[in-house]
Amino acid sequence: MDATETTSSQTGVLGGAGVSSESADTAEGLVINVGPSHPSTHGVCRVIVHLDGEIVRKAEPVIGYLHRGIEKMCENRTWLQCVPLTDRLDYVGSMYSNWAYCRAVERLSEIRVPERAEYIRVLVCELQRIASHMMALGASGADTGAATMFIYAFDERERVIELFEELCGARLTYNYVRPGGVSVDLPEGWTDRVLEFARKHRIALAEMDRLFLGNAIARARLKGIGVLDPDVAVAWGASGPVARGSGVNWDLRKHDPYSVYPRFDFDVPLGSRGDCFDRARCRLFEAFESCRIIEQAISQMPEGPVMTAGLPRLLKPAAGDAYDHIESARGSLGVYVVSDGSVRPYRVKFRSPAFCNLALLPLLAEGHTLSDLVVILGSLDPVFGEVDR
Amino acid sequence: MSGFVGGLIWGLAAGTLIAIAALFGVWWERKVAGRIQMRIGPQTTGPAGILQTIADTLKLILKEDITPDQADVRVFRLAPLVVFVPVAMSFSVIPFAAGFAPLDTSVGMLFFLAVPALSVIGILLGGWSSRNTYATIGAIRAAAQMISYELPRALAVLSLVVLAGSIRPLDVMAAWSPWWIIATAPGFIVYFIASIAEVNRGPFDIPEAESELVAGYFADYSGIRWSIFMMAEYGGMVAASLFGAAVFLGGWNWLPGIGGILVFVALTLALVTAMVWVKWTYPRLRADQLMSFAWKIMTPAAIVQLVVVAVIAPWL
Amino acid sequence: MNFVLVASILFGLGLYGVLSRRDVIAVLASVELMLGAATVMLVGLAGLPSLSSQGGADPGTIEATGLLLLVMAAAAAAVGLALLVAIARSTGRTRTDELTDVRDRP
Amino acid sequence: MIAEFSASSIAFWLLSAVSIGSAAVVVFTRDVMRLAISLGVFFLTVAGWYLYFTHAFLAVAQVFLYAGGVLVLVLFAIMFLRRSKAGEPILESRHSTDSVVIAVGLGFLVVMSLRDRVPIALPQQAFPTTTELADILLGPMLPHLAAVSLLLLVACVSVLVVFGGERE
């Protein structure tokens, strides 16, 4: 190699274009930037991909393009004013961030939530799970080039968003779950429309299963791609469908039951191979299970207030800390709040499942092709509002 | 000189035909895709949105024609034409009506296979001259794909040549009998799939895969140059459908006179619709899956078809 | 003035390219020029009556011979390019005067 | 030496000019992409020459094999070997008197040896049909065809060996 370099520097002509001095950047040693603005990064993620031909040798996610300092911003707002900020974390599933934060604050301030409010929270969060999983499934379709799957899945998501719009006026940032309950009671006839949606959604899910996951090309594209070992999933703190796709039976709704979840009969779908197909299939079945929970929640829902009475306008929890977590669409979403007894949080920390899941990308993508990289990234279902915070 | 003038007229006619085919193809694709995706598709510009593509074309002509700073400017500007011209030329050997093909040559079948293959050079030039890694990867994928699918496509057409005993399209049409549809059905399927791959359409749109390569080899093109690439794609789709409808499905042989032309048009439209349908319902293959599909399934199938046809040819 | 002169010029240009070029790709392209010129010459000359009266080269035989020649030359070009790419990737050299080793350098 | 003005002579002059011009660009250009493009033009003019000699099948085969096949391989090789980040890829030549002398001398020899044997005008030829071609290839020239097929197979295998061996 020394001799070559001497030759090229002596002649000097080949320097810029020659193979000898730049052999690292021939077609088999490409370094390409996927993102920060790229159709398949599902937000503003940048992945530096080292390619050998089409094979990914190394994929480094570069995060922080959507960092807004939300955790720090919370320290300058009152406890209640932080709720709208949590909307902006996981903008595909705002209800979860709302609820997780509210649960932590309620635990800290020892607020008891009315039972109807708990039911409503479960109801909207399961609807949210459907919306989020539809987004993930649609993205899997878009990543593999199945545009119609994308449209079908987004159509289902749109139905949920329309229901939410009717419920609280917002389509993405709901600010619906508040410390002490929920902001407003359900509109007239809303539960009927939700039941109707759940009925139709099951049919749509079966159709999507046939259209996309039953397709030979989609199976070839998803099966055996990005296989996540269950031990690795546990070791890296993966959760949600990413871990369950590998067969890790970990669902906070079952294993650390919160709210009224113990009263519902539902299953936790588990994958066996841990590849992109199993993760997508898990999401599909979870949407089925969410339909079951929705129907049970509506049939069991009691009458009553939706907000704790006599809550002060300005929450002022006693000094101390609290941690609570819920099962979001992406996995275990934890919130840790510290109070110094003032009207503002001393510290708010989010344990975001999307961040932990995204960390698996270099591990899963290595050795696969560039086309698989985007599929794997999509199967991890990262939401960068939550990753970067 | 009359040959030159005649050629010029046919050239202009072919250019117009491709332009119309592309305009109609885009509109038809958007309509069919809309129906598949539970939408309506274009509807406001003209009746049923038929003028939408013309409006889009005007927009594309008026858009800024961006040339990347680092690009090899002359090659960059040349590439779309190198892609388009062979596709336009391939229209000339299609037998449009009984005893009529714009360029009636004794090697027409081979001409139709060989000439569109030249557009891969334009794709390579475009991908290379953009000085864009995505474009380069797209171009290399396109070249590998098009070379691989030329083989099964040529073998599939060859079975017709064996049946007809000639590679002049009009001779093939003259010798055509409805039994050929049954005899060459696998060959037709191979031809149809390989044609989709040749024109880089879904599920074989790997060179321009928007989910990973953004737009592949024409990622850096804009405005009218971009639309020339798209016109080549739609032109290629229509040309492949016309040729397949003629030599495989009999085209105008079904009915005499003008009725035959209508059948031919209907068959072509059916093939175009099938291509659109496949594109909008199927996911995209991966590059290595595409290659193994070409070499492990398509090529052997075409060879088996050829052998079968060669054996049964005396009885047909 | 006839095609013999044109083909000879093409052949001479190709030969000059082979001798003067330093980059293997350019050398290979020049070889292709020579091959093309030679095939054109062969096909053109074979069709001439002065030769066909002696050798009896009918158009079909010319075409068949030309076709076989074409295929052989294309195969040679493919193998040549494959070797070239393999050598250049393993040694990192694409210049003819750099490629002087018959075997790996120790 | 004044050729009559006819379609055939126009084609001849055009083919001569374009083929010599593109060959000259291939030999003298310093830009690798210009080289590839003019090589493609040269391949097309060779097809044109075949057409000029009334061998349409040969012309289409030339387009299929060379312009559609070999040229793509050349472009592949260029892309694999010379991806440059900045600036134009430069091809280097050593223009020496020796090579000029050898090239001109050999070309001159070829012309001189054939000069008195070749008539000026191009003779009218029968247009070979593909059936005829097939009869010859599978008849008298069957051994040649078999030999070339074998050669192609060997070429395929050797390309696979070259790349397969390198992968290890």
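As written, the chains take the letters A, B, C and D, and residue 1 is the first residue of each chain.
Keep in mind that, in the parts below, a contact is a pair of C-beta atoms (placed from the backbone, for glycine too) under 8 Å apart; a residue touches a chain by one contact, two chains touch by 3 or more.
Please read all numbers here as calculations on a predicted model, not as lab measurements.
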Q.
Can you identify which chains form the pair with the largest number of contacting C-beta pairs?
A. C-D
Q.
Of the chains shown, whose Cα centre falls closest to the middle of all protein Cα atoms?
A. B
Q) How many Å are there between the centre of chain C and the centre of chain D, using C-alpha atoms for each centre? A) 7
Q) Approximately how many whole Å separate the CA-defined centres of chain A and chain C? A) 60
Q. When the C-alpha atoms of chain A and chain B are each averaged to a single point, how far apart are the two points in Å?
A. 41
Q. Once you find the CA centre of chain B and the CA centre of chain C, what distance in Å lies between them?
A. 33
Q. What are the residues of chain D that contact at least two other chains?
A. 32, 36, 57, 61, 69, 76, 78-83, 86, 88, 92, 127, 129
Q.
Among all residues of chain B, which ones touch two or more of the remaining chains?
A. 136, 140
Q: Among the residues of chain A, pick out those that touch two or more other chains and give their numbers.
A: 14, 18-19, 26-28
Q | Residue numbers on chain C that touch chain D, as the complex places them | A | 1-6, 8-17, 19-23, 25-26, 28-30, 32-33, 36-37, 39-40, 43-45, 47-51, 58-68, 70-72, 74-79, 81-86, 88-90, 94-95
Q. For the complex, which residues does chain B have touching chain A?
A. 33, 36-39, 133-134, 136-137, 140, 202-203, 205-206, 209-214, 280-289
Q. Okay, in this complex, where on chain D does chain C touch?
A. 1, 3, 12, 15-16, 19-20, 23-24, 26-27, 32, 35-36, 39, 42-43, 46, 49-50, 52-55, 57-58, 61-62, 65-66, 69-70, 73-74, 76-78, 80-82, 91-96, 98-100, 102-104, 106-108, 110-111, 114-115, 117-120, 122-123, 125-129, 132-133, 135-137, 140-141, 144-145, 148, 151-152, 155, 158-159, 162-163, 165-166
Q. Considering the complex alone, what residue numbers of chain D touch chain B?
A. 7, 33, 36-37, 40, 56-57, 59-61, 63-64, 67-69, 71-72, 75-76, 78-79, 83, 86, 88, 127, 129-131
Q. Okay, in this complex, where on chain B does chain D touch?
A. 3, 70, 72, 75, 78, 105-107, 110-111, 113-115, 117-118, 120-121, 124-125, 128-129, 136, 139-140, 143, 147, 150, 165-167
